[in-house]
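There are two complexes below, and they share chain A, which is joined by chain B in the first and by chain C in the second.
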Partner chain A sequence: MFDAFIQGLFVVLQWKAFLMMLLGIFLGFWVGLLPGLGGSTTLALMLPFIYKMTPEEAFAFLLGMHSVVSTTGDITSVLFGVPGEGTTAATIVDGHAMAKKGEAGRALGAALMSSLVGAVIGALALALSIPVVRPLVLTFGAPELFMLAVVGIAFISSLSGQGGRSLLRGVLAGLLGLLFAMVGEDPQAGVQRFTLGQLYLWGGLDLVPVLVGLFAIPEIVDLAVRGTSIASDLPKGDLGKGVWEGIKDTFRHFWLTVRCSLLGTFIGIMPGLGGGVAQWIAYGHAVQGARSDEERKGFGKGDVRGVLGPGAANNSKEGGALIPTIAFGVPGSSAMAILLGAFFLQGIMPGPDMLNKYVTLTFSMVWTLVIANIITVAASLLFLAQLARLTLVRGSILIPFILFLAFIGSYTSNNHLGDLLVFLFFGGLGYLMVVCGWPRSPLVLGFVLGKIAENNFYISTIRYGSAWLLRPVVLVLVILTVAVIVYPLLPFRRTSAPAGRA
Partner chain B sequence: MIRFKLAVFSLLFLLSPVFSQAAEFSGKTLTIVVGYKPGGGYDRYARLLGKHLPRYIPGNPTIVIQNMPGANSIISANHLYSVAKPDGLTIGTFNNALVVAQLIKVEGVRYDIAKFSWIGSVASDAVILALRSDLPYRTAEDLRRAKEIIIGTTGPGSSTHDFPSLLKEFAGINLKLVPGYSSSSDIMLAIERKEVDGRAGSYDSIIPFIDRGLVRPVLRNRLSVPGIEKLPVDEELATTPKGKAVMAINAAPTAIYRPYVAPPGTPADTMKVLRDAFAKVTMDRELLAEAKKTKMGIDYTPAEQVLKVIHEVLNQPPEITKELSKYIKFGD
Partner chain C sequence: MRAGEVRFLLALAAALIAGYALYASLHWPFRTALFPRVIAIPLLTLAIIEVGLTLFGSEKNREGHAIDFELTTDVDPVIARKRTLGIFSWTLGFLALILLLGFPLAVPAFVFLYLKLAGNEGWTLTLLLTALSWLFMGRALRPPPPPSLSPRLAFCAVRLRLSADSSSRHRPIDLGRKAFSPRKDHLDREPYAC
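Take a look at the complex of A and B:
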């Protein structure tokens, strides 16, 4: 096995495969930066080009591209408050807030470094879990997936802010998110819910226009109202220095980064949980780390831990998502479903073969994930100081550009006018929520988990009656849910906070 | 000199039919509208065709794929029907069951499927029911005697759901449907962990799992493809003529699995060019080699035959239509 592990490295380092990977990275770099281009769409478009490549080159190319998309997507999220990818929206909450405080460099450094740590841990998990992956995935049936979604929804408790009033608002926002998740045709009886007679809404609301609207529009309005640059009143020249600070932050909160990476990997392994989920649960977990009221209030206003958590998780989930694809031929996300097509195209049948006959190829994929991210982070670091200066550009120059990106980004999800209406609607809603002091993260959490919870609850009940409630893993997850809800409410945490920490 | 000019003119005149046809597409862009997002089956077929078609169309137009997802491709069908220009530069592909959607009068349908300028269908596909190999069900008789067989589905309006629900209703097989899985590969995983006993779906998509020994095919619809000819057919198991008729309608669209149309009113000579191109490209050796590698079956059905299937489905007595709409929903 170890031989194959080393051989996998050499496979990636062969000049042709390496060149293909560089090409993939170059493409992925831009795809991530631009909100309009999604990672999975680009994968689908690139598929015809691998026809004449060897499997090693093909996967170096495709994975090289795919694995850096979440890394550079974080950059757009931090700088402009527009999610570069659907999977990098959670980085906005604290990352963009930091940019507004003039800490764009630090936020970017933290986002990139945590992405790298996440990618490495995800890849390691992929390498290590290869022998045990089958029992692990098979343990999680519909009841367990339902409970996982519930655990995720329970994070609303820590995302809501302190006090009864804030908690109530958080819960209501979460419920609203669940309600938005119900839009579209329900898969049980084929009934149309909240579709308002519009064909467009049959398939439900798309993640990208909802997120872009919710986060980008309030920022754009804010920027226009302030009439300054994103980082308004700052001594120039400090921006770039922060990058190193951000990298150090990753290691200052190293355990948090590792924990969020593992969370991301685990969510990636679970098929059907989807790419949007990992970042938000990781964000919720990062907020949980706050030791006092004071610290809690800092989240959403630019706490670097709020960048590290999702930054790590949205990269580590890629390694995780490869696991079911390789071991079962069952894709863990839409991007992986397209990658599965690439396997067929190369005449490879994913499944047990990947662990013996093609084990070198499998390990070469692990290495691609690691090397591609190292290269991307290194390349980005060269530009970061320059990129951070974008936050000093006058708002009136920047706004048309950001608006353009936001509109294009929303429109490309279905190429339908409805995308723009959804974008504007959620923009208005997001703005109202910001003005009235309602938290947006619980709404997103409810939205991304709603359908998963509903479908798996239904499957569990139809299949097992009420017996599923007593399955051991379900019971463990119930306890975990209670812990997640109660933990931020415990009174001792408020008093025992060490003084002076912020 | 004049004579020379005349000769040139008359030569041009004689050649003009050849030229005009070529001119129609040369330097132009032909758009294939796909009713789904990139990466799915409909999209992959369109991109495969888009790569090889230009060689078979005089003038070698550039081909681009335009994804227009939504409402299980009704949006794209409506667009092709009433917005796209009938000049041969826009063609499209959508769900093969849109004919059924029209029959049962699904809200939002703004097209008359029989009025499209049909190009044909580039594939057909059998729908099968496959059950876990470790279960003791092999024959139709075994199925009838079974106490309960649990079938995972992605929800009404897909073959994973409709095919078994008709078997349950009209063939007296005790199936318990569990809808809500997010994709058919998700159901495969549920089969693997024994949450469900099996699933229905296109034969193509299940082959890898049959080869791996996870599931075994037990039933098919009326469409036969090599390898499953001997399986019992659902219609033979129907206990009433009404049930048999409903199953037949449900099966019909699978014969036109990947349909291609041009907007209604596209000129006849343009249609001839397109139809010829499709007929030829589906025999192209390069295309077939590529399709085989990516596990996409190619089986061209010309326009006339597609229309026959469509009229067959649409000409139903009202009571059958009513019965059908009780069990078949069309959705996303």
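Take a look at the complex of A and C:
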């Protein structure tokens, strides 16, 4: 096995495979930076180009591209408050707040280094877990996956505010997200739900215009209201200095980064959950790490731990998502489903063969994840000071370009007028939520999880009736959900610091 | 409109959405309606509680603190309101421009108008950035145009645009998702048919 591990490295370092990986990294770098241009879309677009490649070149190219998208997506999220990728939206909450305080360099340094740590841990998990992961994945059926979704929403709702009132608003936002996910054709019976007679809504609401609207519009409005640059009137020297500080932050909070990476890997392994979920759970975990209510209040206003958690998780989930894809042919995310297509195009059947006949190829994927992220982080760090200076550009110059990126990013999801209207609707909703103190993250998580949760809920009910509620893992997850909701309301938690905002 | 009134309206909107979801689910078969009901019932209950708290809750409870981005409070509220209305108007204006002219012309037009009218930028910078946005949109990306809300106006605009660049509609920038959502694909039909 160890020989195959080393051989995997040499496979990636062969000049043709390495060149393909560099090409993939170059593409992934820009795809990640541009909002709305999704990693999955690009992966699908690139599939036809792998016909003439060997499997080693093909996977170096595709994985090299896909594994760096979240890394550079964090850069756009931090600098402009617009998610570069759907999987990097959580980085905005604290990363962009840091940029506004003139700490763009520090936020970017933290995001990039935590991404690298996350990618390495995800790749290590992939390397170590393939022989032992089978029993774990098989333990989780539809009832457990449904409850996992419930735990996720309860988790993020309880951690997205302080006190009972914020918990109420968090749960409301999560439930609204779940309801928005139900727009479109019912997957079970094919009945139209909440489509308002519009053909566009038959396929449901697309994630990209929803995310871009929710996060970009409030930022643009705030930038226009302030009438300054993103980093206001701070001196230029502050920006570049923070890069190394951000890198050091990753190691100051190393265990948080590792825990969030492991969370991301675990969520990546669970089929159907994906990076959209991993980042928010990791963010919730980072908030949970706050020792006092006062410390918790700092989240959302530029706490570096809010950058480290999602930054690590959205990269480590790639290694995790590859585990069920390679080991069982069960894709862990939409991107992995497309990658599964690449396996078939190359005439490879995922499953036991990947651990015997193609074990070197499997380990070459591990190395690709690691090397691609090292190269991307190094390249990004070289230009980081220049990128961070963008936060000093006047708001009046930035606004038309951010608006244009937001519009074009939303429109490219389906090339349909409806995308623009959905973007504006959710932009308005996002703005109102910010004005009213409703957290947006539970809404996003509910929206991402909605279809998966419904599907698993339906299968559980049809297959087991109400007996699924008594399954051991489900019971554990129910207790966990109750604990997650009740814990912030306990009296000793409230007396630790004055409640409410001043 | 005061913040308290906005909070009340948002909670009320959530209650109305939940109510509509429950009402709509009455007309669906059981398996289609099951999950929407499971979600809409607690949503309606909690939204009504939030409406009640917004109306009758104490000042401390009305506030609450979300761990999320917060709008700036350093600007005079009257100016802030004026600027907020302004940026929303510009955003809607941008949409109108896209519908009338398509992305390749709307983007440079919007960049020019915003920089000159809202930003009061100098001519050199305005023209330079407008040219850059035109190059980026018109020459590099070239997304397909969205169908227009006003066919007659759009037809005139398109005639003008086609004379400037007859090939722009045939080079979509992103076809990747089309394979996965063919119902939303409008490329096969004529978007400006009057």
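In this section, the second predicted complex is superposed on the first by the 479 of 502 C-alpha atoms of A that agree within 3 Å, B and C clash if a C-alpha of one lies under 4 Å from a C-alpha of the other, contacts with A are read in each partner's own complex, and residues count from 1 in each chain.
Everything below uses one rule, namely that a residue touches a chain if its C-beta (ideal position, glycine included) is under 8 Å from a C-beta of that chain, and two chains touch if they have at least 3 such contacts.
Please read all numbers here as calculations on a predicted model, not as lab measurements.
Novice: After lining up the shared chain so the two structures overlap, which partner does A:Tyr458 touch, if you call chain B first and chain C second: first, second, both or neither?
Specialist: The answer is both, since A:Tyr458 touches chain B and chain C.
Novice: Touching A:Glu103, do we find chain B (first), chain C (second), both, or neither?
Specialist: Touch partners of A:Glu103: none, neither chain B nor chain C.
Novice: Quick one: classify A:Gln188 as touching chain B (first), chain C (second), both or neither.
Specialist: both
Novice: Could you tell me if A:Trp202 is touching chain B, chain C, both of them or neither one (first, second, both, neither)?
Specialist: both
Novice: Would you sort A:Asp74 into first (chain B), second (chain C), both or neither based on which partner it touches?
Specialist: Touch status of A:Asp74: no partner.
Novice: Could you say whether A:His416 touches chain B, chain C, both of them, or neither, answering first, second, both or neither?
Specialist: Both partners, chain B and chain C.
Novice: Considering only touches as defined above, state whether A:Leu179 meets chain B (first), chain C (second), both or neither.
Specialist: The second partner, chain C, only.
Novice: Thinking of the overlay built on chain A, is A:Phe401 touched by chain B (first), by chain C (second), by both, or by neither?
Specialist: second
Novice: Quick one: is A:Asp249 in contact with chain B, with chain C, with both, or with neither? Answer first, second, both or neither.
Specialist: In the superposition, A:Asp249 touches no partner, neither chain B nor chain C.
Novice: Specify the partner with more touching residues on chain A, choosing between chain B and chain C.
Specialist: After superposition, C is the partner touching more of chain A.
Novice: Where on chain A do chain B and chain C both make contact?
Specialist: Touching chain B and chain C on chain A: residues 40-41, 44-45, 186, 188-189, 199-200, 202-203, 414-416, 418, 454, 458, 462.
Novice: Can you name the residues of chain C that touch chain A in the complex?
Specialist: Interface residues on the chain C side: 3, 6-7, 10-11, 14, 17-18, 21, 24, 28-29, 31-32, 34-36, 38-40, 42-43, 46-47, 49-50, 53, 57, 60-61, 63-72, 74-75, 79-80, 83-84, 86-88, 90-92, 94-95, 98-99, 103, 107, 110-111, 114-115, 118-121, 125, 129, 133, 137, 141, 143-144, 146-147, 149, 172-181, 183-187.
Novice: Over in the complex, which chain A residues touch chain B? Could you list them?
Specialist: 40-41, 43-45, 47-48, 51, 137-139, 141-142, 184-190, 192, 197, 199-200, 202-204, 271-272, 324, 328-331, 334, 337-338, 340-341, 344-345, 347, 349, 351, 414-416, 418, 454-456, 458-459, 462-463
Novice: Within their complex, state which residues of chain A touch chain C.
Specialist: Against chain C, chain A makes touches at 37-38, 40-42, 44-45, 81, 92-93, 96-97, 159-163, 165-166, 168-172, 175-176, 178-179, 182, 186, 188-189, 191, 193-194, 199-200, 202-203, 206, 217-222, 224-227, 287, 296-297, 299-301, 394, 396-397, 399-401, 403-404, 407-408, 411-418, 420, 424, 427, 432-441, 453-454, 457-458, 461-462, 499-501.
Novice: Along chain B, where are the residues that touch chain A in the complex?
Specialist: 37-39, 43-44, 47, 51, 66-72, 74-75, 78, 107-108, 150, 152, 154-157, 176, 178-183, 185-186, 188-190, 192-193, 195-196, 208-209, 211-212, 290, 293-295, 329, 331-332
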